[in-house]
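Right after this note come the structures.
Below are two complexes that have subunit A in common, paired first with subunit B and then with subunit C.
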Partner chain A sequence: MEGDVRNKARASWDMGSLPPVECLRIERSDSPTPDLVEGTEPGAGQQAAMFVHSRSVEDLPAEADEDAESRVEPQPVADGDPGSSETFGTSENGLQVEENIIEVAQAPKESSWAESRTKEEDICSDGWRSHRKHVFVLSEAGKPIYSRYGTEEALSSTMGVMMALVSFVEADKNIIRSIHADGYNVVFLSKSPLVLVAVSQTRQSDKEMIRELQYIYYQIVSLLTLTQLNHIFQAKKNYDLRRLLAGSEHLIDNLLRRLDRDPGLLLSAVTCLPLASSSRDAVSASLQAAKAPSLVFSILMKDQYLHHMDLHLVFNLVCSSSSSFREGEGWTPICLPKFNSAGFFHAHISYLEPASELCLILVSTDREEFFSLSDCKQRFLERLRKRNAYQALKEAVKTPSYSVDLVGIPELRHFLYKSKSSGLFTSPELPGVYQSEEGQERLMGLYQELHSRLHHSTRPLLSIYRCGETENFMAWLTSGFELYLCLTPLVTKMQAVSAVNKLLKWIRKEEDRLFILSPLTY
Partner chain B sequence: MSAMRVDTKVVMLGKESVGKTSLVERYVHHRFLVGPYQNTIGAAFVAKPIQVGDKVVTLGIWDTAGSERYEAMSRIYYRGARAAVVCYDLTDSSSFQRARFWVKELQNCEEHCKIYLCGTKNDLVQADRGLRQIDFHDAQDFAEEIGAQLYETSSKTGNNVDELFQRIAEEYSDSAFQYMSNEAGVDLSQKKDSYFYSCCHNN
Partner chain C sequence: MLIVSPRMAAVTQEKQYTPSLLSFFVYNPSFGPREGEEEKKILFYHPSEVEKNEKIRNVGLCEAIVQFTRTFCPTKPAKSLHTQKNRQFFFEAEDSYWIVMIVKNPMVEKPNKDGKPPTIEYQEEEVLDTVYGAVLRQCYSMYKLFNGTFGRAMEAGGVELLIPKLEKFFYRYLQTLHLQSCDLLDVFGGISFFPLDKMTYLKIQSFVNRVEENLRLVKYTAFLYNDQLIWSGLEQDDMRILYKYLTTSLFPRHSEPELAGRDSALRPEVSGNLLHYGRFLTGPANLKDPDAKFRFPRIFVHTEDGSEELHLIVYKAMSAAVCFMISASVELTREFCERLDALVGPQLTLLASDICEQFTLNRRISGPDKEPQFKFIYFNHMNLAEKSTIHMRKTASVSLTSVHPDLMKILGDINCDFARVDEDEEVIVKAMTDYWVVGKKSDQRELYVILNQKNANLIEVNEEVKRLCATQFNNIFFLD
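Up next is the complex of A and B:
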């Protein structure tokens, strides 16, 4: 049955009204992976196959999709590991109900894609299709709100189909969660009044993808507040939400990009600037001394006082608007959905000095308080200077990360360590092998996979040791921490275990520099 | 920077992507940033001292976001403004409609605020007359009707930008001289107005 579906789907794919299929495409659709999925369990053998495959494709010449790409954003590595078209989802249970729907769904999709053309990115093109991960947001009336690639108008019929799928299953008092077919994972997240859909060719599990969709959902909530969102759709079911989100699409684009790269989003943790504990105390004390009555939070660079999700949304806001805050002071409403999804806070965003990398974010409850927060910043800066902490801080910012060599374990390439109690994580600079965009996303992909294995909902694991062709991994989950090691491929299991012990010792030694051990509250 | 005294509040208003931020960038930092369009989030504040005769006037410029999402809270940005630069894009007629909306809003809520109409992206129009969608005379008529001054600027070349802000500062200075006894600038440390705003007042 499963094989059937896949073949049919592929047939329609090839026959469909596509532009001529170039060699890359053939290479990919003829890849051995579908068969692999049938036979192997998600395990080591399959991993190895995957590595071989991903390398072979990386060796191929220029990317076919580059030309269709008119956005400025960096190409999400469509070809990083197309071998990933296999899913461990296929062997998973429960969601197969929709298998027969997919045939129905694909037919109309094909035709609608053929009809509509867009200026931005031709959604009929191979380039559009071969993006690794598509994300769509629509309203419950089926109105398009956001699409990662291509314009929303062109996709309105596709989104209509998605909505039809959701309501079809809903009619039976069921919830559609995902569809697995032809190497694609289609994951649905229904958060009334919005529906979020991800279509991916990566090896990510459903759970991972749902988590990413949740981030997107909260990003939208943080722009509008949940109260306002509900209010709008109660008043007018077919409201075009794009009117209100205009100009903020790049926030979502950027968030998606960070989801592919930033381990913090994966681990639900944030990282803080390595700083000697004495300077950190001085900075915190200065912050606290400079407070104003309405001030709720202050975040200097990467200090944590907030739910990690909210914090990431704030960071995303700041990172996405590179220049506008740099010389002036920003004053913007922001909803922190995990803290209070009903109302706006007001964030005062400023750089300590125009040329400095240090961004101070002060969050207040009162929208009239701009000038008092502005004062706050000045007082903070003065105090910092008086205590000589500013210099230390500036020094620390120059080297925000550290090299993995510092740990003194030659086999160790990279690691992620999350301290559960503080919600903070630490990880060294990416070594040369992973510094390219592709490398970074590939490494993140592998971490993501380990992460989803450890946190599997039905079969959670405590530790994993995995050998690959290009690197070995060790992952360990305890009640206190979560640890992922990326090691050179020739390491034995014994060496890996001793590396873990050494690393833990090192982290304990550096603990007060790497983490905020005693966060302050107002 | 913000610790300095601000003499008068100037607010930038207009449809999104008409070039309010570019105008401020050009005026304050004498530069024009090329690159993908980035919308302003919320609003940004910048203080700029300017020489008028033998005095120095500090303009506190609020660069607001044009996005409709922030419309509900735009009042906090223009409240108490002595001057508003209402921008429209010379090559986009819908932006002029939006400018009319802002003018009406200001007339209703901030009657003491002087309005400066500003047609942006003049360099585009200079390069290709066919791009112009807002006739100079139409804009001029509208400006007269509402008692505003009209400028056509280009943030790319800097054309007319300094003149616009210089004019704002001069007019403030003149009026401040007349009303010296009434009010002497805005004190940054002043306490907020007495009425209460909840944080979810935007609805």
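Up next is the complex of A and C:
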């Protein structure tokens, strides 16, 4: 995966003339066994970091039927969302395209990995213990696969204990869920052949923590496919999966950081670039016109029929390695586990212009289709320019977010609004009080708490008003939307109620710009 | 006419199981540190018929969980373990002495057709950690009230003494645990105080002083009316657990014989004395009985340097009950009890009717109809005062509430949120059943109100609660 991205990027930049497809084929036949290749991330030069990348997992010997696998016909997953299965037919020539337009995946400001791997920590130190949220992934043989903090080696006995606890409770035909102590919880998620464990000092409910662990699980599946994952562990129970994931840990690191900060993952929704509906239509028409035979999805924004989980995984991939995609065209296999956990799609990821914030993601079923998707992008760009939509898009990107002041409610500090029908949400920039890393996580923590109370599995609530010393909150769940307001602490209930009404009015007025009301499909 | 065949009924009938006690055990890891000696760790295990290896296994899991969590915080180990089928609660009552309670999650059994075994659905979110954690701690407090600490028994006679003590106490006590009706009130473990005018209060105080003056042996006194506390000379924590014992165990066992009428066989000991309704609830049932035993339950209360052992005499006349506590080193005789009966009996009878009169008078003034329709729970952490208009009657077996159990759990959820931050807070939620629930925390006080006003809005609900605060708690400041 990462390896592939690199190969392609090099192919198109360094070895220009050599057809990348050939290049891949040769490498593939050369290495029939999983192998490790060292490579430098393009664009990571300034970080002077060396990364170990695994060769594409498609090369695993276990995957005998390689050809078939590479041309995965997207099949509706049995438990996938109904939206995908009904809109996604399979046809002989692979021309199943169904698409619509979406969100500009903005290049993330947070630079991802280099700074993040604070691995070499003593696991007996207070520093290690004081992390807000630990996440561990292990195999059912108790082998460490991933740890957010501290090296897997140092934690191997701890992870062994985790596995022992899981199996001990299982032996009683029971399932371990969580351990609660003063100030922290330990949450377990068994997803054969993996076990995921979170140790969290946040005030999130077990249910929320399980959701986060599921994201991590699907992140791993999206790198390997579930079929691969099962194959590997069926063949060798105590396989060291780190060999395959090496170089991709930053994807998990980054996803965890997003989970702590991005309300989209909490709300199971994504946000779209505020854009006048006429411009949005022009953009989507351009995309539509530029389609290629094998194109499945193009995400300049977001696709209705793609499960939000998958979409967040794609975003995570882009955001975690922004620098590499910025300088070339990325071509990477990605499994969209909610869509089809058995096989890979191939994502063409590129920024419209090297200096642009706009990233285009094209997802294809065929791994040989790099050039046709690359063409596709060019055609799209041309059309965009012709229709003058590009300018509008570029303008919009300059102001991708808006200040809460725009709404004109002085008591209002921040809000989240999710439109249920479109699966999109909108939210203003964080105000000064919450801009620090700590403040941001605190605010998210409070939203998470309200969210878990509203969505309690047996005692759901319709609305919550919470009045505290530092801020007031209002949360409201209706059949059409989900709304969270963060208000100044001294606001009266009268003011709060009128703030809600004003905000709803404002959102209705801006609806066109903030949401995609009438998504197009091919 | 609808005829339901038995078979059809069987298919559609779902069986609901409430949370229940699966097991309860006490262990000390330091008693069997070597392999093969694990059984020695176990000091008490309920149910006792569980096979030995199974006991060792379950204790082992608890030890492993506790040890595992020390990796992440050495000073704050696990308090509960959630599994699909049950919840386990861990409590280190004394150094290395662990008490574990395992509660089965409530479940629904759905019968299947064609003789397939029924489907069982576990309701994993129904058991609140705070509630059952408090129940477990209460078990220990109750043990300690009547037996002193584990350490004390070990010092006095080693495991040979401790094990039978544990068995004797918990065998009976566990049968009185009614896990299905535990709720927020168990978390508070509060004391309900009897509202009284100053005059009557002074009368009671002077009564207590008089008795303590005349019966020099009496070390502490507590005065209750209608199962509510009026006066106590004990430390708060001791009174809290004693109050729990009196109101949930002792009083319900001695239902009002006064109501049975004078000539009833229930109270043969009072013959012809209209002014003396007094009787012993602990100790001798009938003073006149020549074979009467003058043995009273012993309790342990805190002192500055540990604990002291006391005789507990509970004496009751009509709705007034007094606890007299006397050092256990003194032997109580027939003479003493007769003196007490002669002194306290008439006075307490008089006092009880005074209080009753005052009480009905006050009620008439405020008017029973003016009793607000609010359903609320109030608790003050400072003096442990609690008040609930939700609980209709708290007896040994069940605490009947007038609201849906889910609403009680929402109260529990709000309380849980309050406990996590040391800040004044207010929460107003609208539940799916269209009830409004309001929680307020101010300083050391907590107030929870349930309103059944489907069409009210936030502002109206707020007004309602303000009205309640003004009538019931006018001197308490709550964050607005």
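The rule is short, and it goes like this: the second predicted complex is superposed on the first by the 397 of 522 C-alpha atoms of A that agree within 3 Å, B and C clash if a C-alpha of one lies under 4 Å from a C-alpha of the other, contacts with A are read in each partner's own complex, and residues count from 1 in each chain.
In the analysis below, contacts are C-beta pairs under 8 Å (C-beta built on N, C-alpha and C of every residue); 3 or more make two chains touch, one makes a residue touch a chain.
Computed from a predicted structure; not experimentally measured.
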First, second, both or neither for A:402, with subunit B first and subunit C second: neither
Partner chain in contact with A:332 - subunit B first, subunit C second, else both or neither: first
Subunit B versus subunit C as contact partner of A:161, first or second or both or neither: second
Which superposed partner A:460 touches (first subunit B, second subunit C, both, neither): second
Contacts of A:178 with subunit B and subunit C, given as first, second, both or neither: second
Partner chain in contact with A:345 - subunit B first, subunit C second, else both or neither: first
Complex interface listing, subunit A residues touching subunit B: 72, 223-225, 227-228, 231, 243-248, 250, 317, 321-325, 327-334, 342-347, 365-372, 374-375, 377-378
Subunit A partner contacts - residues on subunit C that touch it in the complex: 61, 64-65, 68-69, 71-73, 76-86, 123-126, 129, 406, 409-410, 413, 417, 420-421, 423-432, 434, 457-459, 462, 479-480
Subunit C-facing residues of subunit A, complex: 123, 129, 134, 158, 161-162, 164-165, 168-169, 172, 174-184, 186, 199, 203, 206, 449, 453, 456-470, 492-494, 496-497
Residues of subunit B defined as touching subunit A within the complex: 2-3, 16-17, 21, 24, 28-29, 33, 36, 38-46, 63, 65-70, 73, 76, 188-190, 192-193, 197-203
